[in-house]
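Okay, handing you the structure first.
Labels A, B, C and D are assigned to the chains in the order they are written; within every chain, residues are numbered from 1.
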Amino acid sequence: MKTIDLNADLGEGFGIWRLGDDDALLDIVTSANLACGFHAGDPLTIRRTCAAAVDRGVRIGAQVSYRDLAGFGRREMEVDPEELSSEVLYQLAAVDGIARAMGGRVSYVKPHGALYNRVCRDAGQAEAVVSAVAAYDRSLPILTLPGSAVHEVAARQGVATVTECFADRAYTPRGTLVPRREPGSVLHDPAEVTARAVTMAVDHTVTASDGSAIPVEARSICVHGDTPGAVGLARRVRDSLTAAGVSLRPFT
Amino acid sequence: MKTIDLNADLGEGFGIWRLGDDDALLDIVTSANLACGFHAGDPLTIRRTCAAAVDRGVRIGAQVSYRDLAGFGRREMEVDPEELSSEVLYQLAAVDGIARAMGGRVSYVKPHGALYNRVCRDAGQAEAVVSAVAAYDRSLPILTLPGSAVHEVAARQGVATVTECFADRAYTPRGTLVPRREPGSVLHDPAEVTARAVTMAVDHTVTASDGSAIPVEARSICVHGDTPGAVGLARRVRDSLTAAGVSLRPFT
Amino acid sequence: MKTIDLNADLGEGFGIWRLGDDDALLDIVTSANLACGFHAGDPLTIRRTCAAAVDRGVRIGAQVSYRDLAGFGRREMEVDPEELSSEVLYQLAAVDGIARAMGGRVSYVKPHGALYNRVCRDAGQAEAVVSAVAAYDRSLPILTLPGSAVHEVAARQGVATVTECFADRAYTPRGTLVPRREPGSVLHDPAEVTARAVTMAVDHTVTASDGSAIPVEARSICVHGDTPGAVGLARRVRDSLTAAGVSLRPFT
Amino acid sequence: MKTIDLNADLGEGFGIWRLGDDDALLDIVTSANLACGFHAGDPLTIRRTCAAAVDRGVRIGAQVSYRDLAGFGRREMEVDPEELSSEVLYQLAAVDGIARAMGGRVSYVKPHGALYNRVCRDAGQAEAVVSAVAAYDRSLPILTLPGSAVHEVAARQGVATVTECFADRAYTPRGTLVPRREPGSVLHDPAEVTARAVTMAVDHTVTASDGSAIPVEARSICVHGDTPGAVGLARRVRDSLTAAGVSLRPFT
């Protein structure tokens, strides 16, 4: 039987401010990428989201980020690797400690925003993230893109990596994401998005921007919850997968 | 043989800024109260100070604080207990995780600054701190003043407390500290300070502001490192204790 | 002809996070209390909101706050008066400079959240706020509650004060607000709220919690925009005032 | 008679933390680059430093920065130009307002750290800074390096630029600074540094790394105050210039 994981970003409020519908997403996903306080996520939000995830059997991932509340972690920063590694370790430990106090634990790490993109192509920054994970708990896998620089770095340190795919993003024939600035990079038609999700999970392929079918090696599909209609679309993706006989299961 | 612990605040820089001479203090104290990032203490500083403390066999405590970098955690804040508890849990988990990655661990918790003073008299805020410690690791003692509200609250939750005393502060006949705003509240004569430290450790008494000898129940003496001459005075305290046959030993 | 001002808090997002419907409120109010960056309000949000306010002829007020993004400025903090005064001056200057670059200017100051409540009863903190306003521009009035400690302090320094009232809050027979923690303190019936607004503007009275009519000396009514239905209610208040022949005009 | 300006960074503490000896530097320099709160500089520090600068007749410049307290503004950040421009405007207005309340005013703008380096080579980020200055007060010059991209951008917007030089840095034959990572990039011999300062001010030349004399077009020499011995060296530079008959005068 085919299985796939669904992951989404959660706990991305800060203080009075909220972002996305965490409660709704927790009924859809199998893995929750939890903000750790550096791009979003105050401690009370982290604690409540951990408790809610544990209640529903949703896995918790630490979504570590550059220290940038004002920019939501989406701005690339030239952070010294030793400092970045310490910051990742701090975030990971904080969220894991809260998760454990709520009866769960962090079971994977996913870099957020600009850091996610950076570690795909920059081995030095990838090394900083991987070394923090290795120092904290070598058994925690890192969730990232196929082809990311983080895979090789992680392999050298004995840290596992898991890849994800996106049902609502266009792919190039080489299997990379079409950059967001290009037209057609993000798909909005729910029927198309759900069909792609099913093909990704069942056939491990996706139709690239040139019409060719390319392989998709991914154990998780990333869905979004912070735009209008996003939660509804995520629910349709889940329902379509279930209808196609795919079992939704955490990758950890 | 008499034993006593010496504790001091460490790791209280942030980014480019430094405060106190951590390296010198680590050769003097047996317990290091480590800033956790909310009043001071960036992750790299925390990691380096943890590593240095582990190297020297100095115990690490989590010095949890209100979220107030601009005020160094010295300003009282009306924080909701549930939020405060989550913030304490976040800080404690972050520093413990870093300490473990460096081969050590957090072995006690000491509230910092305004929070230290607040939990002495406010059972609600004390409850918030204690519940965070209990949720994270019920075996961690809380270091505080004799007579603090935190003792009773902690006892109810099965969390231990340890009391400390100050060789450079005047005491009232009732055993409380003379408030800092009153003249003579802080002692500056090294000979007097060291003599008081020895009497505290050997006889468990101190001379109060009215000349009477009052009992001191404390397993640790707090020394300071962030004012001119402070490190030298701390070293003299240590040397005097050793010369008096007192063994310097962590209370944990 | 009767005139009244309507004021509301605006620009209270930060980075990616939004709060309230600023565009809608700018079509309703005559005075916009603009977040200055300490409890909310990043510089780009401030600039855009200033530009939009100038476009519509809405007056801009600097809503100065304690430095507390995580608590949205709603938590009382023990800030040293000299430091508080400098922080108020910094915020006021920053927003006035941006407003001037957009073709407008700050025309009044309104303390936010915990600082608003504090300066009502604490002459020392009120003095800190007033001295900052006096140092920056003595002609700027401070918007506050009737009976606030800030009035006397401001009068001594030659700074004007302007009082506001609340159509959706219950009043005690003495003319103070019924505290939010008490039942019935906030009125939700739109018909009742709009009727009170009209009575406040036309007759300068309001019905207190014991049924008596008490005088209301206020040149502005505060409306809200950050709760569900709030903008709709604010619009009804405006429409009812206009229908009653009251002219909506800034107090500055 | 030859004249030159001496500038240095001041007010770079934050809260409890201090950096450099501001009082000593204010007796040496003619222009003070004041931290504006984004990389350093709390409002009370800004106010006190403004007051001290006004007392001594030292000009005040706004040292605007990326928002990065943890990295002291030394880390490059990919900030959206519209947002960066708003942040620069906010900082400039805040410090100018405080300076005016203290009887002075901001008379120039100097980007700090990573932003200083970035606007030398990136016309888009330079445009963001220049547009903020132009929006606030088109008469304020921007202090920067010769050859910086900011010159052309500023000229197009009618904003003046002023260039500075460094007596303690090695120069390439093309007149650019030898990068800090290269050996010999920073000069430590006081006799050499002071001699270079005099040659820069009197002859408008400096000896480059290949021994050739190259022209130096600069109206200000930048001195430092945040490293051991830096203040003493700055004072020697000032004394040598005076002894050589050079008059120390602000460039504004």
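Definition applied: a residue touches a chain if its C-beta (ideal position, glycine included) is under 8 Å from a C-beta of that chain, and two chains touch if they have at least 3 such contacts.
All of these numbers come straight from a predicted model, not from anything done at the bench.
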Just to confirm, which listed pair, A-B, A-C or A-D, duplicates the contacts seen in B-D for more than half of them?
A-C
Is it true that over half of the residue numbers where subunit B touches subunit C are used by both copies, so same, or is it different?
same
Averaging C-alpha coordinates per chain, one finds the centres of subunit B and subunit C separated by a number of Å equal to 43
How many angstrom between the C-alpha centroids of subunit C and subunit A?
41
Send over the residues of subunit C in touch with two or more other chains.
42, 70-71
Show which residues of subunit A lie in contact with subunit C when the two form their complex.
13-19, 40, 42, 69-72
Taking the complex as given, what residues does subunit C use to touch subunit D?
37, 42-44, 46-47, 82-83, 86-87, 89-98, 100-101, 135-136
Can you name the residues of subunit C that touch subunit B in the complex?
67-68, 70-71, 75-79, 114
